[in-house]
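Heads up, the next two complexes both have chain A, just with different partners, chain B and then chain C.
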Partner chain A sequence: MLYNLSQYVVLKKEDFNGFISDLVKEQKVVAPVAKGCGQFSFEEVKSGSEISIDYIPTILPPKKYFMPRDENIATYDLSNGEDMEPVVEYEKMLLFGVHTCDLAGIQCLNMVFSERPRDLNYLIRKNQITIIGYECNFYCDRFASCRLVHNHSPNGGYDLFFTDVGDRFMIHVNTNTGEELVAKSNLLRKAGEKDFEDLQRVREAKNREFAKNEIPIEHEKIPELFDRAYNSKVWEDLDKRCVACGNCTNVCPSCYCFNMIDEPNLDLKTGRRYRQWDSCQNESFAKVAGGESFRKERGARQRHRYYRKFKYPIAKFSRFFCTGCGRCSRTCMACINLKETLNSLIKEQGMENPEAGKV
Partner chain B sequence: MTRTKPKVAFFDFACCEGCQLQVANMGELLLDVLGLIEVVEFREVMSEKGPEKIDVAVVEGSITDKHAIERIKKIRDRAKVLIAYGSCATIGGVNGMKNNFKLDDIRKEVYGDRFNYFDTVETKAVHQVVKVDYFVNGCPVYIPEFVKVLKAALQGIPYEVPDHAVCVECKLNENVCMYDRGVACMGPVTRAGCNSWCINNGNICYGCRGMVSNPNENGAMDIIKKYNIPMDMVINKMNMYNKCREIDKREQKKR
Partner chain C sequence: MKKLLLKDSKYEIKKSKIIKVTTLTDLEKFFEIELPGGDSLDHDPGQFVEVSILGVGEAPISVSSSPTKLGSFEMVVRKVGRFTSALHQLKEGDEIGIRGPFGKGFPVRILEGNDLVFVAAGLGIVPLRSLINFVIDNRRDFGKVSILLGCRTPQNMLFGDEVAEWTKRLDVNFSCTVDRADPDWKGNVGMITSLIPGVTLEPERTFAVIVGPPVMYKFVIAELLKKQIPERQILVSLERNMKCGLGKCGHCQINGLYCCQDGPVFSYDKIKGVPEAL
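Our next item is the complex of A and B:
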């Protein structure tokens, strides 16, 4: 890998809290914090000591800041005709500590909402959010599959990116916003040769760690797998187990479905239009007029979810919409595990290649 | 132009009247709502009896004897719109537990030797006796939802009780799951709409809003087994609010 010296700066670990405090003085800072029971969430922090830097993916992905669960879109007034006033709600903030899988999730959302007609609410809000990424040197847990979808290493989508190289962080400066942050801080120094050697050493160790073959199929063959598996028995198994709790889609960084709701105020004349996360796993989602559900079976809804991650977006956006974060498996009430599902499909279709993905 | 305010009356059947208390405790919001309607019958806060015709009847409690059946039919005749509110009214609620026993045994238990003087019938939710236009589930009702339903009723637009799991709202609120804390929770099979009220406050979901329409009961049992939760405890929990669901199932089969 080629490194461009001038794009890197260094922060000593002992200066980490000072760095965060400086950021907090300037703007709202959001970072992973511990919630107990081994779980984490992105929350506003006021100091570096509140941050859990060694965290596994948060309950909800940073998506919650890009497309809030309830978002006002317009206000209306029915007193004279149908007056609609568009509303855009946004807030300047900095997201600290975003893992590469979640950076990929934000990139997916960016693609979806940049499609025409573009979603101005989303795009305006996104421009107010500064992102500092954070590298995973180890797998977070057995549910992760970031390696399979090539999201274990940084691939853009951030302003600054931190890598722990021992007693200090190597920081990649990726955008103008990132440069401005660097210019404002007096805790950072330019990176030197020794810093690069250390970064390279960490990345090599990481490559070895992440070379364990997660799932025995070539990355390129996944679309073919899904071409073949539409009528697979595996979906019947999921049908028996899934309780349609919707957890898997609500926690997914690349699920973006929402529902539009009009809510009148008490005067019954004025009100607000807002959108709220919706999910293909919810009973009412697939209900069409007349109350018939066209994806009544839970297995069919699950299949739909997998195809929305591994098949449909390939044609449309040329990328997988599964970021490999593992959240769906971690949270599933019925212990439906994405890696196990993939493994069953691969086995059933006879597409196993134990050498696939090995470095 | 002054419009006459819609006349709203509150009635109660077998219940603890806790839901009415929720309304009485609404505070500021109650005053705003009162600006919208005229309350004509509300035992909890006023005593006068209302006029013959009413725009909206808000009914609390389940139907447990013949007298109640007659009364609810009369109320239905008087009301343009009928809202069933609270679990007792919408799903039978805890009163449904009576249906676990033989009716005579119940009467003997409650009234002793004189049980023959007191009639009782199988506990029913209000919609199992008369047509219900709006449902506000919950034990007690979740006030923001009640206000939402009231607004819908006054505007004449439908309100659909969410038919997805409490887990959905619970995840949106980013709670640590009770199962991860080692406690069983009815969220996965219970209808949302309360904004996962109990879990947000550190309690489990008791299933007070009733079950989703298409629950995967076998899947739910698998979960429960996996977490080593005693089966009879779960059946008790399910029964606690959902016993009257059997009447709905029976009716569906007849059709």
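Our next item is the complex of A and C:
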């Protein structure tokens, strides 16, 4: 038996709004809401009816709650010299409806910021956030590549995890925090054999669904592909197309590079030091004081982005930092598409295997 | 949103005092810094600090003094942008913030007992001076010492007094070259690479330590390899934009390496196959 019965509870779909209302009474709840034009966004909700449960990846990933775009790290007061007080700003909240790709993104950030020297600002904030994941039973769209990086199924990283099994949700309880949420609700019941059969049926159907839309390379061969492709012509092609806007890194759930900025208040005595998302796609990103720029070409900067997803983190963290969410491709003004780039690299390196990834 | 004072933040600065400022050239100024309570920086030669001027920002600056100098440390800053211009405005007695030291410096324990060839071009002498002075202060722990110095013009030469002393010492072989001479200059004229063929050395017991502008490394390394110095005994210090110093912000990344944590000092064998490094 793959599933442990005692770790599952069931919520009837008609009780969904009631369940969310109970959560809202306790804390700030953030969930995907529809913004029109096929766009979604994680925002605070007050009731279940505001939530768009069948959503495709939001414009910005939940990273915006873990490392906000602008994040104060200190306030200062120059009245008595260079006096600075490091601060952390945090908020207790519950994130509802996080897809498995975004759970993976949060896991990437957790690894980066727990690596020594640890980043206390991140770690304190992360511990205030409860996460309820939500399973995708279908492919979001043609940009998603979660199967390739094995993120289409849950790999932990949540307190509770919802799977739609028809007229009800099967909920996996993963942590003590999750158990406490379950204990507080009177809308949940323990899962039975029938619920497991339904969950298994949904997962099997999903495996068939997710076997289709694949990139023709084995998961284990991706690092080798990038070992070989450093001087690929594909980067030259991206060099001609990229407009260096930085959208791809802003929307990426595992991009965490930042700049540090001082901002004086109008009194010119006090102010703040904050960090702000930065992008390796900006020409100035790797520039030094003497004017030398170490990734002058846009193609080199795009390559750097891909290598930060598919090669460098393998050595450091033993995992891909591409979560397969597809946001970079969806948002690119120049239609640079991650799956197309991978396909071109695979073809060029002669590593095509049409059978790869089939179940 | 709740706000908490963070006592163990890695971004906390030490409120430090500028105790001496000297104008070295039109562009470069020398600063001597005292940490709170006269504490030592406790750095290795080749490490760097993050210098803060609150309201202006923070920048990585290499430490120019040897750790054998206690009670204060020194740095030399060229005026090139907003932060360094603000730093140049400061006077003796003014305060700055210090974080660090950061990074991996020169492996002084490994260098002990070996012959050393220092190759410094331009501002490279600033961080390299931390090691040169360390070696001079512990002179008997090292073998033969050669210093090769290159500058654009005689007026660009930094630390003239110390250089004059190095030239006089019998336990240091010193040579110097300038790109462009003036009528009073009696020394070599030409690139720093032109000094290397003239150095006599025993390659298997020689460590070469190179610091200079990014474009210089390939050429100097090629000359040193011609001298049969093993790749692992060629040390370089690389310049990158080390914004946070903590291996997070991404600005200083060289391929899979973070210059601020894995460097700035690297041995050539570790980076020769790394694109973007040299």
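FYI, the second predicted complex is superposed on the first by the 357 of 359 C-alpha atoms of A that agree within 3 Å, B and C clash if a C-alpha of one lies under 4 Å from a C-alpha of the other, contacts with A are read in each partner's own complex, and residues count from 1 in each chain.
As a convention for this text, a contact is a pair of C-beta atoms (placed from the backbone, for glycine too) under 8 Å apart; a residue touches a chain by one contact, two chains touch by 3 or more.
Bear in mind the structure is a predicted one, so any value in this text is a computation, not a measurement.
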Touching A:244 in the superposition: chain B (first), chain C (second), both, neither?
first
For A:117 in the superposed arrangement: first (chain B), second (chain C), both or neither?
second
Quick check for you: in the superposed arrangement, does A:264 touch first (chain B), second (chain C), both or neither?
both
Touching partner for A:69 - first (chain B), second (chain C), both, neither:
first
Chain A: partner with more touched residues, chain B or chain C
C
Which chain A residues are contacted by chain C in one complex and by chain B in the other?
264, 268
Listed in rising order, chain B residues that touch chain A in their complex are 32-33, 35-36, 147-148, 151, 154-155, 160, 162-165, 167-168, 171-172, 174-177, 179-181, 187-189, 212-216, 218-220, 222-223, 226
State the interface residues of chain A toward chain B in the complex, per the touch definition above.
35-39, 41, 59-60, 64, 69, 240-247, 250-251, 263-264, 266, 268, 277, 279, 281-284, 296, 298, 331, 333-335
Touching residues (chain side chain A, partner chain C) in the complex:
73-74, 76, 78, 81-91, 112-113, 115, 117-121, 124, 230, 256-262, 264, 268, 271, 273, 275, 278, 280, 285-292, 294-295, 300, 304, 307-308, 311-312, 315-316
Within the complex, chain A is touched by chain C residues 1-13, 15-16, 52-59, 78, 80-81, 84, 95-97, 213-215, 239-241, 243-244, 246-256, 275-276
